[in-house]
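Labels A, B, C and D are assigned to the chains in the order they are written; within every chain, residues are numbered from 1.
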Amino acid sequence: MNNNKSVLWDWLTTVDHKKLAVLYLMAGTLFFVKAGVMALFMRIQLMSAENDFLSGQTFNEFITMHGTIMLFLAATPLIFAFMNFAVPLQIGARDVAFPFINALGFWIFFFGGLLVSVSWFFGGAPDAGWTAYVPLSSGEYADLGLDFYVLGLQISGIGTLVSAINFIVTIINMRAPGMTMMRMPLFCWTGLVTSILIVFAFTPLAAGLALLMLDRIFGGQFFIPDSGGNAVLWQHIFWIFGHPEVYILVLPAFGIISEVIPAFSKKRLFGYTAMVFATLIIAFLSFMVWVHHMFTVGIGPITNSVFAIATMAIGVPTGIKIFNWLFTMWGGKITFNTAMLCASSFVPTFVLGGVTGVMLAMVPVDYLYHDTYFVVAHFHYIVVGGIVLGLLAGTYYWYPKMFGHKLNEKLGILMFWLFYVGFHLTFFIQHILGLIGMPRRVFTYLDGQGMETMNLVSTIGAFLMGAGVLVLVINVVYSAFTSERITVRDPWDARTLEWATTTPIPEYNFAQTPQVRSLDPWFYEKVHGDGLMKPAEPMDEIHMPNGSILPFMIGLGLFVWGFGMIMLNMENPIMPAPIVIGVGFVITFGSMLMRSIKEDHGYHIPLDKVKKIEKEVS
Amino acid sequence: MKGRIGLWRFLPLSAMFFLLAGCGEDKLTALDPYGPQAEWILDNMILSLYVMALVIIVVFTLFFIAVVKFRKKEGDNEIPKQVEGSKALELTWTIIPVFLLAILAVPTITGTYYMAEEAPEAAGTSGEEGESAEGEDGEGSGEEVQEEDASVVIDVTGHQFWWQFDYAEGFSAGNEVYIPTGEKVWFNLTASDVIHSFWVPALGGKIDTIPGIENGMWLEANEPGVYKGKCAELCGPSHALMDFKVIALERDDYDAWVEEMSGDETSGEEDSEEASQEEETQDSTMSDGRQAFEDQGCIACHAVDGQGTGQGPTLSNFADREKIANVIDVNDENLEAWIRNPGSFKEGNNMPASPNMNDEDMDAIIEYLNSLSAEDELE
Amino acid sequence: MSDSVDTSQGLPSNPEKATLEGKNKFLGFWVFLGGETIMFATFFGTFLGLREGTAAGPSAEELFSLPLVFIMTMLLLTSSLTSVLAMFSMKKNNFKTMMILTAVTVVLGLAFLGFEIYEFVEYVHHGLGYTTSAFASSFYTLVGLHGAHVVFGLCWFITLMIRYSRTGGITLTNAPKFYLASLYWHFIDVVWVFIFTVVYLMSIGGA
Amino acid sequence: MSDELSKPFTESSLSKEEMMKMNRERRVQIITFAFMIFLTILAFVAVGMEMIEPSFTIPFILLLAVVQFVLQLFYFMHLKDKDHEWPNAFMLTGIVVATPAVIALVLLLGVTKY
């Protein structure tokens, strides 16, 4: 819009969901590579027995940052990237419900992530594991790093929360005419359910982090038994959040798979209704199983049994999904490109991770598995073999719509095989490592326990995965220069509404809101109509929201505030902490005040301009 | 001392120590269980593996058939049949998993209760008892007096980064816990600082030790041997090094060992820290060593008379140990290096470094420590 | 899509939901309140779990006084009513009444806040510092968080009143804002219902 | 359009009947309020009179709180009105999730084993 303003300003102030998607994608990728490189360092340390590449302290900082970044700052934003990009398009909306809040969510998340990351420069990263169990993470046993963890996650959590609210309202209120709930693409459904899970899971986390912050900075007595506190309290709060969190991550991946598999099998999703209800049941159950992370805490046999059964129950709806995907492929005409390779291999890989999950749910046997590499293997099978594969599928699938050109297929297939083989090498063997007695979160293991070879294999696998990611990065750069521009709407011959938009997508997405007549509306029009969406309204001027720098400012303000809070715990802060806190406070609330005082109704793109743009793109 | 018999009892015991040391390998892996609990776990893991293998075979078969058979042929642009779903199929893959899960649910619940079994009532909990396991202060500690209860109950306390084992007989051991074979041994577990987790893979499951909370578990070893134990909950920089050993002895040997360990303070609760009788009969360096041990402040944390302090591991049977602090081999150089700078071996541990201790004291202390043994004290 | 609202007849009957923006805000805010529920639940759980942990400090029975809590409850409940009535005035396009009723709400809220501060100061004098015991920490955190909500709600009301006193009437833009602030205020009241029951009455009434 | 959004209205579109309906509803709200005050007093009295068994008072006042909670939500916050399906769904979800969480934090802290 503002040709006279710089590109940078444009990105800092954008409220366009497609641009925010790109911002999320970039931030998420950066964090992913960072945490991945940490994983490589960890694997180097564990390559041989009694290695001294990293000290115990540094290693603990690495596992903590690896886990925290991967889950909160890499997987979450990458999922949000695709949700931001695809959901409004798939439901036929011009924009999200709250464009301003959408941008706000990104910037708060980003600055929160930044706060966690700068801990390295102030005496070390958090070191109590991503779960930050007290008392190890309380003021008495952990240094400044944990303050960065607490405040950084608190802030980025707020960002995630407001984004989730935005998605929920968008999906409920902004659907195009005819797009009933039961016609929504599954990715929208999983996006909706994930957002709901975020609303109900990130709030207890916020409460828990607040308790930990009060404990660390203001001397609260929640967790230390001497003053009446209880150490198990934190674990409950954390896992009440933590278990839904893993489904928050995996459901959108399920959604992506449910888009990509039908698209490349040329078949509609098998058992759509069952898929929707399975998603809902998984979401519900995910709040009822958290104690399975605490079987060894010693809460008692009744509790353990009840939660074990609830945990196993999740296997049923998940199984429904698995078989529906298999039967979507069954009888189809499958094209195997990179997106489909990733999506289809997701299915068996996820099952491998899922069945070890069910094994973990057997309480007495979990007494063996718990906190060993068996658990590490379980969840990497799901988070890498599931979420990352899903995200890769999504990347290759939506890339042409997002950036106007495809990624190179040859490099793509190379990446897939490197990553996939490396993945199994790394993590399969970790099941056995766990069983022969290797606890997780150990920075070393002694010679002569039979763990050397397996760890070495695991490390080699990790490097293959690294090579795979590297090929992806190369691919992105290479394709940007060599791939031909895409001008057609629908390079994959796909099924859902986002492919009904022109490439590149104009900022208002649809000049006329489409009329939806069926599930897979775009495919329906291709078969039963004239191959274009029927408009639901006459061409008219289009209302658009104004960009704003305020989201960025609010994020920045929270960063400063958070940093000030941490300074309260620093020995010799460069300046008095209350000043920094005050400054952050003023920036944040000042910006919020400005926002609420100035009524901003956006602007309108006049009809002739819309017509001109439409002519250009098609 | 109880008399000469003790010595005779110790002969086979010593021989066994020797044997074990010769064997070298401590038993660690859970895939080779040495007790009923571990066996139960392994059996049921294998049961679940069968179930999972079934699931995996079905899924993989369908998957590979699908990806091989339904590839798009070159030039075939027909649109395949758009199937909505199938009630029958969907019911099938809802019901069969429910059955499979039911198969796993049954042992899950029975096993949970099996392992949650609690110690017999009268089994003592803490070290206030005198010579025998019989609790004589039934009312006071809320325990009922029970005739002839020989159950072994051991209080475990996890510390950064070592384990304290308090026996009902009133003595304490650090990092190495002795148990009798062929019977359930009961553990009451807690922690003094952060959460740890008590795990002996070859004998059974694990349970967390949590400050402020008492947990219970039992273990049973089928045969004598040394079983490696580990801390399984991240507890700080040296978490990886927080190992311990379970040394299972035949009941007779165990009783003898107990007697030996508690023998040090048969004279009852001495209020002075004076060395016990046999030490006074030792040669003079020994007393020097003892002196240095006190002068340097070691005694503040490390008990040598069997009683634990909770600050540092009891060293009463130090010379029987296979490792110093469970990480380094026992020899004088290592011991000296450890005393001078424990942090270089176990980062972040709580033992103060003594880099400048004079050589004389050091030698004396080392010699003194090497003399502390439950096994050959009488020789 | 959407902002085609029929305004020819005057203020629509549900002005807070007349525009798409209003609808979105309305739904979004309810979602937020749903999330707040579980956040408060967590703090309630924490308090209930730790309330016996008084360590060496004073316990609930020694401190809490029923009359004070009763007065605070009445203040907050009444303010909830005035806020409801304000919304009725809004729907009837009765801007003045709405402003006055909102102002009454604010005054009642301020009084409540005053009592709360007085209460806290009193407890500190009786030896219940924030760090005294687990009970103290969880009590101050829960009730203080509620207090913080009250503060935020008051600031919100005041901002709206100042901002729109110039406008001098109800518009399709400010109607949703007043409505949400009122919802928020009710929610604060709901939370207080549980606070006076669970924190005060249950602690005094034995158990 | 945008000016219209910031323009105050001079009149209300409510018809006579609608107006009356609204007044009726306002009366209901005031009655609800009176009832809530009553419940509150009941709760305070139940606790204030110390002779009543705690084993009765505690569940009793909790019940009163739940009733008030429902009244507030349904009347003051209009959850009973139409057009509130989604808000109802979200509040309900919140409660469904919160209940086991609170119970767990009260009972399952590992001190007593269940």
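Definition applied: a residue touches a chain if its C-beta (ideal position, glycine included) is under 8 Å from a C-beta of that chain, and two chains touch if they have at least 3 such contacts.
Just so we're on the same page, UniProt names per chain: A = Cytochrome c oxidase subunit 1; B = Cytochrome c oxidase subunit 2; C = Cytochrome (Ubi)quinol oxidase subunit III; D = Cytochrome-c oxidase.
None of these values were measured; they are calculated from a predicted model.
The innermost chain, defined by the distance from its C-alpha mean to the mean of all protein C-alpha atoms, is A.
Looking at contact counts per chain pair, the maximum sits at A-B.
The centroid of the Cα atoms in subunit A and the matching centroid in subunit C are 33 Å apart.
Between the Cα centres of subunit B and subunit D there is a gap of 54 Å. Centre-to-centre, using mean CA coordinates, subunit A is 35 Å away from subunit D.
Of all residues in subunit B, those touching 2 or more other chains are 116, 210, 213, 215, listed in ascending order. Residue positions 3, 27, 31, 34-36, 38, 41-42, 46, 49, 173 of subunit C are each in touch with at least two other chains. The multi-chain contact residues of subunit D, meaning those touching 2 or more other chains, are 1, 5-6, 86, 90, 93-94, 97, 101, 104-105, 109-111, 113.
In summary, the structure contains touching chain pairs A-B, A-C, A-D, B-D, C-D. On subunit B, the positions that touch subunit A within their shared complex are 24-25, 28-31, 38, 40-41, 44-45, 48-49, 52, 55-56, 59-60, 62-63, 65-67, 70-73, 76, 78-86, 89-90, 93-94, 97-98, 101, 104-105, 107-109, 111-116, 193-195, 197, 199, 201-202, 204-208, 210-213, 215-216, 228, 230-241, 243, 327, 347-348. Residue ranges on subunit D touching subunit C, taken from their complex, read 1, 4-14, 18-19, 22, 25-26, 29-30, 33, 36-37, 40, 43-44, 46-48, 54-55, 57-58, 61-62, 64-65, 68-69, 72-73, 75-77, 83, 86-87, 90-91, 93-95, 97-99, 101-106, 109. Those residues of subunit A lying in contact with subunit B across their complex are 55-57, 60, 127-129, 133, 135-136, 141, 224-226, 229-232, 265-268, 270-274, 296-298, 300-301, 304-305, 308-309, 312-313, 315-316, 319-320, 322-324, 326-327, 329-336, 344, 347-348, 351-352, 355-356, 358-359, 361-368, 370-372, 435-437, 439, 441-446, 448-450, 527. Across the complex, subunit B is touched by residues 109-111, 113 of subunit D. Residues 3, 7, 9-14, 17, 19, 26-27, 30-31, 33-38, 41-42, 44-46, 48-49, 66, 69-70, 73-74, 77, 80-81, 83-85, 88, 91-93, 95, 167-173, 183, 186-187, 189-190, 193-194, 196-198, 201-202, 204-207 of subunit C touch subunit D in their complex.
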